[in-house]
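Both complexes shown next keep chain A, but they swap its partner, so chain B is in the first and chain C is in the second.
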Partner chain A sequence: MTARKRKLISPELRAAMLWPHTWAGVTLGGLLMLIFFMGSLAVFASEIDRWMMPDTRVGAVEVGPVSLDHAVVPVVEKLAAGRAVRDWFVQLPDERRPVMAFRVRTESGNAAGVATTDGTLLPPVGTLGAGSFFYPLHYSLLLKAGFVGYWIVCFASVAMLAGLISGVIIHARIFKDFFTFRSWGQFRRSLLDLHNLTGVLVLPFHLMITITGIVIVLPIVLPAGVQALYGGNLLRFYDDALGNYSRPRSGIAAPMAPLDPMVAEAKRLWGGGEAAVVFVYNAGDAASVVRVNRDTGDHISLDVQPVFFDGVTGALLKYQSPGPVVATHRVLSGLHFAAFEHWPLRWLYFLFGLAGCVLIGTGMLYWMEKRRVAHGRKPGMGWRSVAALACGSTTGLLIATLAMMAANRLLPAGIPSRELVEVGVFFLSWIGTAIHAAVRTRTDPPWSVQCAAVALLAAACVVLNWITTGEHPVRAAAAADWAVLGVDLVLALTAYVAWRASRRLVRRDSPDLSTLAKVTDHA
Partner chain B sequence: MMKTGRRLETRAGGRSLPPRLHTTARVTAAVFGAYGFAWGLAAFGAELGALAGMAPAEAVTASSLLALVTLPAAALWAFAVPRVAVGWAVLGGGGTLLIAASHLAGMSAP
Partner chain C sequence: MPDVLPLPGLFGLCYLAFAALALTVERHWRDLVDSRRGPPRRTVFRLRLAALLCIAAALSVAVRHEGAGFGILLWALALSAGALAVSATIAWRTRSARG
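And then the complex of A and B:
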């Protein structure tokens, strides 16, 4: 077995894997860091949203049956403000989001709003929050046009997969080094150990999360099969695969049937569960369609089991379970989404996602330290670019995120396009950190200054939340507001760790090149 | 960067390409060659599945999932294969053949 394995992974193969592993990491590391970090935040998007939208902290509601006809439809009419409604949908409240979220498309423009379960419209949230900013940044980089963002993210994800596989091949003595962590030794050695440790320990998760991430949008980024069997018509494929239903507007006005019986019928068809989202297409039209999605909190699969009703008669139009392969695809997608109700697993997803950031970050740092030997004390442009990129995509990304959260608490409620100002703060501070890193990188990127900025901003976020909402951690704990308490505690922990790191980095001697050069080379 | 390129070159025993061009050939084979191969596999597999009587959505999903698994492996193989020309021939040529085969299968379908 061992002999065969040794033959399978020859020294030549290991040497050949080093080049793509290194350069995929150096070129795409910053992008992957963004994807992994925002993905980790997205696990707790609902909780961060409560923190960033104080008006929606209405406390735990008994998630009883919300009456669509009594509590939801009046809100839609209020949001439409007299304009004829075309389509709308409502996200019904759940354990983590005690409010209803609305999107309404009218004949002249769109409207969105948030309401409590009794149908009271809350003031505009004035932020995209984690659900509509951090999360889309994770999967599409906010580049929606032509799915460009999906393509870039999936390209980086395939590179990540290749990096993981080539990493295993390079690091063939995987189980021997599994227990190796020489933090007392050379700095570069311990960086490599940490890189290998996170790479090996969290490998199954990283493989799973990366591949399932691509799987979700696979028909978009690898549309070969859709091209072959559906003439490239993606919508027709999705209608077929996921049991979707659509029909055009008829232009003949017709009154809507009550919605509550439809939801009850959907629940009967599911044999349990709760409705999560209700869509009404072609509202007020004879060709109106109502779609009821199931909440996926009680199963892994992302299959929302959509049930379609005629909006005028209330008759069932379509309810089709997917075939076995599509069902498998839904389970794989669900593994990535982690929408199921399971708090320990949510924390594991969050921590393992951050471990991915550690893996990518230590990889970039290791490259920098190794190259330093070759470059000597005056590193060249290439090295400095990578160093600035590494700094901008780690501490810089944290600073941008925290600056946005601080701006969220500081900006007055009434200012126009408040949510876009927040986004502007995010990108301007990110660009600022990158410029700062590029300018200040001489022998090292400005790690300690940026770590200090992270610490100050994270601490400021906790304090600002306290001042602007009156909800300090103790009160949040007393009120059992675990979402706000959790975000505050993670912010406080971030502040503490970043401050300690900053202090230690200040004290760290500049690397002694003579000893660095002596360290045995890897692979 | 070039060090590895040269090492691969000597291992191949080849004279041929200068290092920079060699590296470009490797990277493009890994990116475009592997994707073309995966595309061919997904297209051909979908047609084959449909011919075998699978529902179209099932055939598309199954073949795409299979192609996705081969994609990173094919990309890495483009770096591992001693001669980059062989890598291009197998990935690019294989992808082209698979796409052609999928068109043939599509034409023979009712």
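And then the complex of A and C:
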């Protein structure tokens, strides 16, 4: 070659990409870790819910047609307990949730409950579980007021996107060292290898999941269109875009038409498929509306194809297929939600979500190891803050999650606001681990102690589930209760891996500063 | 494509494709095949062709078995899984050599 091969990525470009990559990682790494971890758990929310709500482990039911008029409406009346019902909805049973879930809004307060397919109301579950706690934590950080949480998560997602792309540019050598993971020798090099591997090999999934995550909340974070066309009224926008229908209460009482024929008509309109959710708005009113959502388990798109009926006459009010933009939005949302019935894909989503956690975690660890070079044996305040943050958002988050699951099995069923006590356990133990990490970080965060805590808690969860419900893994396998078996096995695996990690960390020598001075690798 | 075990077949094809691609990387060729010299040009070309064929075959298996939507999604994610499995294999094979 006569001329020197022109470099695709100039040093200037790399330097320009490096500082936002580093800063985004160091400042938002903990938050992104929370989002990715809770998102991974949300993939198996139904299974974790079965584990956390033992009363709903009623075994596989024949998912036949549930009679709404005979099994559902009496439960709604029981939940209302004499109060006038305003609106209610029921989630019909499916393969992963063998029970019906109810939400009822009455003139004085709300009620929620779970019932078997034959209409027997089960005792209160007493927990928010994965579906109502881990999952909302993933997309809104439980800060729903003013959509603050959505904005923060969306901001972090955009930073993630920038981090993914800039990472490929910074670590340009990854293409020369493709597939390389040197687990031996220098710790820092192993970290960087793992960071690059998960960053590049799982890049398609991470790009997809981050972009679709942002797309889902676009109407909230890019409100200009809704502002201009609907005066900022998100509900009216959804009415139009998603084919929803709503009308105000008339104030005139009127009896409800039977619901089963409406579901049958909806199925005819869909040309197959099952009903997933039935909503009744303005119940017992002349302006009552019944909405029937389709189960989306058999396709990627999250289009629930809602069919609206007049609650009094049973006549069809609205059934509109979405326009091209909305249909695209539904497909992208469906890619993110993974609500489809597809076990291999569900496991891949779970594992690649955890790969995202590895990517973020190794990034933070690598930054810490690099900075040791500059700080020597006495790291400064900044380094220690990031170290404590990294510890609190990895092992600390695991401890908080496992503590909540252990509390779920330990707390007696009858105590008031049991679900809030569980949430309290989650946040208090999380804060506890963060304080512990901040106090104990000298040359290293207290990794081995916290790993040991993870191992003990995970093992305790399996044992507690056995003691309190009598369902040990062998019995779960015999009863084909795959949800409980799966959660138990993942917990046991977590305990084993965390214990091994903790033992190894104890044996590890304190960082050898003579090798730290040698600048290896790049970035 | 026969209808036996489409899922292991899909992951197997993805694994083979990335194994072939990994051998075209000089570092891995030297570690696993010939430590004296890098892969010959013709071999690199053949390996890349084989990888391409495996990836195409994997896509065809996935789409035939799962339909277009789920098939393409599963194929794209299976590619990542295959690549991760290949790097795990390489790490395991070369670890014993280097200690």
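Definition applied: the second predicted complex is superposed on the first by the 510 of 523 C-alpha atoms of A that agree within 3 Å, B and C clash if a C-alpha of one lies under 4 Å from a C-alpha of the other, contacts with A are read in each partner's own complex, and residues count from 1 in each chain.
Operating definition for what follows: contacts are C-beta pairs under 8 Å (C-beta built on N, C-alpha and C of every residue); 3 or more make two chains touch, one makes a residue touch a chain.
On a predicted model such as this, the values are computed, not experimentally measured, just so you know.
Chain B and chain C, once both complexes are superposed via chain A, fit side by side. When both complexes are overlaid on chain A, the residue A:211 reaches chain B alone and has no touch with chain C. Contact with neither chain B nor chain C is seen for A:374 once the two complexes are overlaid on the shared chain.
Here the apex is the CA centre of chain A, and the angle it makes with the centres of chain B and chain C after alignment on chain A is 80°, in steps of 10. Judged by the touch definition given at the top, the superposed model places A:197 against chain C, while chain B stays out of reach. Counting residues of chain A touched by each partner, chain B versus chain C, the larger count belongs to B. Taken over all C-alpha pairs, chain B and chain C come no nearer than 20 Å in the superposed arrangement.
No residue of chain A touches both chain B in one complex and chain C in the other.
Partner chain A is touched in their complex by these residues of chain B: 1, 4-5, 7-8, 11, 26, 30, 38-43, 45-47, 50, 54-65, 67-69, 71-73, 75-76, 79-80, 102, 106. The touching residues of chain A, when paired with chain C in their complex, are 176-185, 197, 201-205, 208, 299-300, 335, 340, 342, 344-345, 348-349, 351-352, 355. Remark: chain A residues 12-13, 15-20, 23, 158, 161-162, 165-166, 169, 211, 214-215, 218-219, 222, 224-230, 237, 240-241, 322-326, 328-329, 332 touch chain B in the complex.
Taken together, the chain C residues at the contact with chain A in this complex read 7, 18, 21-22, 25, 27-28, 69-70, 73-74, 76-81, 83-84, 86-88, 90-91, 95, 98-99.
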